[in-house]
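So the structure is just underneath, and the comments pick up after that.
Labels run A, B, C, D and E following the written order; every chain starts at residue 1.
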């Protein structure tokens, strides 16, 4: 209350007891098994302690026991909404360590797959975000489009969700003959659907009230926490690994990086982070179309080494995943299985700002902020 | 845009007494080795000095070098403003692993350090809240990612091995 | 002869009897296998800490007060609304002045900020180069 | 002690007829606790989306276990999560069923050998009715698992098995 | 009318009155509310499904029409858990009060010209007072189930329902000013003839004041529809049982038949609220285009036609509530209070004064 009124001073003078509320592992809107311990005063939050580790599947221990090609299916299961992105990151890191140059066609197919995966992951993010705020129908419209992308993936590598498609040095299968035609069809159908979800949710007055000016993340705090991806771009800085630290053939396409401008509130609020993802899907469509036009011919399995025995050394490389930049740090001791693999998961890093962002807001806003930073628990707990 | 050697010279100029050396023998990027108890002063300087401006900690990972009986920590730093990167390495004795924390410098290091403590047992001095992050809080069977780790037989009545 | 309100009372009675009847009928059919774990309150799979029966926020006291004022106002207006037409303009003025006075009362409360519900008291997160994360002060930053 | 608790010895006509009706009611309105663990949860969400509709079989996601009859364990059960799942299962009212979806919750899946924090199969903690293989199982496989469970409920009987 | 017929049937003694009273009060429950609740739950699932490109229940009977019967039969078999440290008395009392509160509103709603629960003269005033009891029931449910989520949910619902009762009363008051009586039966009688005589188009008669009333009547209709949406906790005001934040609000701890009672009370309340809006503004059981019974002279057909018109209008507004639920997101508590205190109540005030002046002309 900007000015203290007599009634109010009397009411806030009576100290209300603090209540500890568990938004526990099983909660409709914690995007998986994450426990948020909220210290509440009435409805206002004074402290948020995230407890993670409910899905810790010992990825790094498995990497030390498996050989290099066997690790690829495990990287899928980390960020299970963008498995192509994880495999792409692992392949880029290994090729840097081994010094392999993959044929042009492999690079183009990898970019197409990564961008299609970005669209499908953002669709899930927008859908669940709408459902968290209360509008349930956009969730199903987003899943309807995502099913089309999954059928494209299923046509190329036979799996709907976890693909083991991008190997070190190449791909497991070449493209299906009418993959190119079907992808163009999908993109032509997808653009009006995206506009439909936009009208239903993005510019809806109640949605704007619920998300604008909620969970404001200033740029310097974001950089200090190491936040990356749409969460960082929502705060107004044009930072994208595909442009800053270009890998594969991204330098061949022209696309721009959407940035949060604070259209309905201050820059860096939940609405900006949400709207950056909607615009990014548009950019990914552009990239896929350009990649399909310039798709060269060639054998996709020519550069796959028979036995991977990298020299003793280490490599750190990163890739722009839908949730931020995913880094792989691989140390090899010359044998066929790595000595140590450490994954820098973007959700693990952006989860730390929850406490800073949620202080002073209400219980309903915790759900909004958690939905806007779009985390996946498989990646946080690895 | 500075290379690793120039960064080493700047650091040596500002920290004459601490032993810093650059190892470039292994493939891909060179590593700058520093001493574990000075890492927080070093990183405060790395972030605040005008030529370096390392304002973002990309990755902090613990490694168990059992052959050399060491537990080492790798820091991958990056400067978003000057677009250059550096890798720091710090190693401590395996039985009494102590490294001073860098959470004062980069807030993002908080959970990375808690994970290194949880999976390797590296103790970060004056870390705001050093407890296990991924494993259950009452996990008393040691630190899982160490090379010489054995599974406990039972945990709260559930059989752990297959 | 049942008065009108008597019939209304029978309505409520029938509803109560219906609910009690159905719940008791279900009690005969459904299984009852209480276990210790089942009888603990549910909180997303966690052991609830502390009891929810605490002094809850006093925000409702203020809203209840304002509600009371307006509710009493409406009760007074109802008889007037029924018969004011017979007295023409003077009849209307009586109620009209009462309404205008109440509107002033409401404007006063609005200006005083009593109608403000518990707005989030937000301090945008900022890390200071020197000291640790700032404590959230109680005063409000107008969002 | 309700009617459903008592065991009957002789199966006369009334009992079997009432039993069929109660079984039909139970199997055609299974309310599911909206609870997903890992990658299989995304496939479960795809199953309840419009392409493969869970609602056709009368399955609605209910947020609180108190109003649910079926819990689909979709994803890897870790040791830290196992105690919570046991408590969730206990807090569900009584005629309740479990579908273990995906090889992670069936037997530990790809994490059986080196997963120090993974529980090797959710049936070590709670009694499972139907196992759905696959990693992750396709939505059709989950629907088939649901049909298998409905078949199992249809044959449930209150008459004590003599043999 | 129906009541007198029943009393003569049973010999006009005090006992006959009681019997007639019970029959008359049970009639809407078993003939209308229970079948309507079953149909409404099925309608909601089908409407939401087709709105979201899905099919909805298909397996139980043709297009799943037996789905709600299966739900109710299953809920009867479900075990009813009362947690150890719940307040047992309040826990069991809450569903009774919530259902009684929402069912009592049906006493004063005129289904047809010959059947009305009670001819009580304070029709609207009685309904608003009785729907206030539901608040006590929800508070009891939230407090007794000793669960932090249900406590938060019930606290929010108390704040929401009491602050949305005022716009409802103010708009109902403005209508009373025009019609001069509070009994819903006479209100419906006054709106006879074609749709042009309904109150939403300014009420019967054809002087200048009728046309001047139309704009403020539309505003009043909007205000009362929004605030009755909030009274019934439907989106965008379904904060007390917000699935995504408070698990399922005040009925988190309820299972089995008690939960079914909450479910039934919610749907009965939905219809009661839309029935009130229809009775006040859209001519209750009056048909917009005259009666078939009049044309072919069969007097006995008119009540049936009236009843069907009444249900068509009521179900249409219930459909609009469902339509809103599956498109609009949910408001936050302080925005919800701001809507009521800062927008609806001032507009209702001004509307009241304008209507008062116009009716004087």
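One rule holds for everything that comes next: contacts are C-beta pairs under 8 Å (C-beta built on N, C-alpha and C of every residue); 3 or more make two chains touch, one makes a residue touch a chain.
The model shown is predicted, which means the values in this text are computed figures rather than measured ones.
Counting steps between touching chains, the shortest path from subunit A to subunit C takes 1. Ranked by how close its C-alpha mean sits to the mean of all protein C-alpha atoms, the top chain is A. Judged by contacting C-beta pairs, the busier of the interfaces A-E and B-D is A-E. Work out the mean CA point of subunit A and of subunit D, and you get 31 Å between them.
One inter-chain figure worth recording: subunit B and subunit C are separated by 53 Å, centre to centre, where each centre is the mean of the chain's CA atoms. For this pair, subunit C with subunit E, the centres built from the Cα atoms lie 19 Å apart. If you average the Cα atoms of subunit D and of subunit E, the two centres end up 37 Å apart. Residues of subunit B in contact with two or more other chains: 107, 134-136, 144.
Each of the following residues of subunit E touches two or more other chains: 52-54, 77-81, 148-149, 243, 247, 252-253, 256, 333-334. Looking at subunit A, residues 19, 22, 24-28, 43, 53, 56, 58, 61, 140, 144, 220-221, 224, 362, 365, 381 sit in touch with two or more other chains. Interface residues of subunit C, counted against subunit D in their complex, comprise 27-33, 35, 37-38, 40, 42, 45-46.
Only residues 79-80, 82-83, 108, 112-113, 116-117, 119-120, 124-125 of subunit D touch subunit B when the two sit together in their complex. Considering their complex, residues 1-3, 5-8, 11-12, 14, 16-17, 19-20, 22-27, 35, 41-44, 46, 213-214, 216-218, 220-221, 224, 353, 356-357, 359-362, 365 of subunit A touch subunit C. On the side of subunit E, the complex with subunit C involves touching residues 3, 17-18, 21-22, 24-26, 29, 75-86, 92, 95-96, 99-100, 103-104, 106-108, 117-121, 125-126, 130, 143, 145-149, 151, 155, 158-159, 162-163, 165-166, 169-170, 173, 176-177, 180-182, 247, 252-253, 256-258, 261, 333-334, 336-338, 341-342, 345-346, 349, 352-353, 356-357, 359-360.
Remark: subunit A residues 52-53, 56, 58, 60-61, 96-97, 99, 220-221, 223-227, 237, 239, 244, 311-316, 318, 325, 327, 329, 331, 339-340, 342, 344, 348-349, 351-352, 381-382 touch subunit B in the complex.
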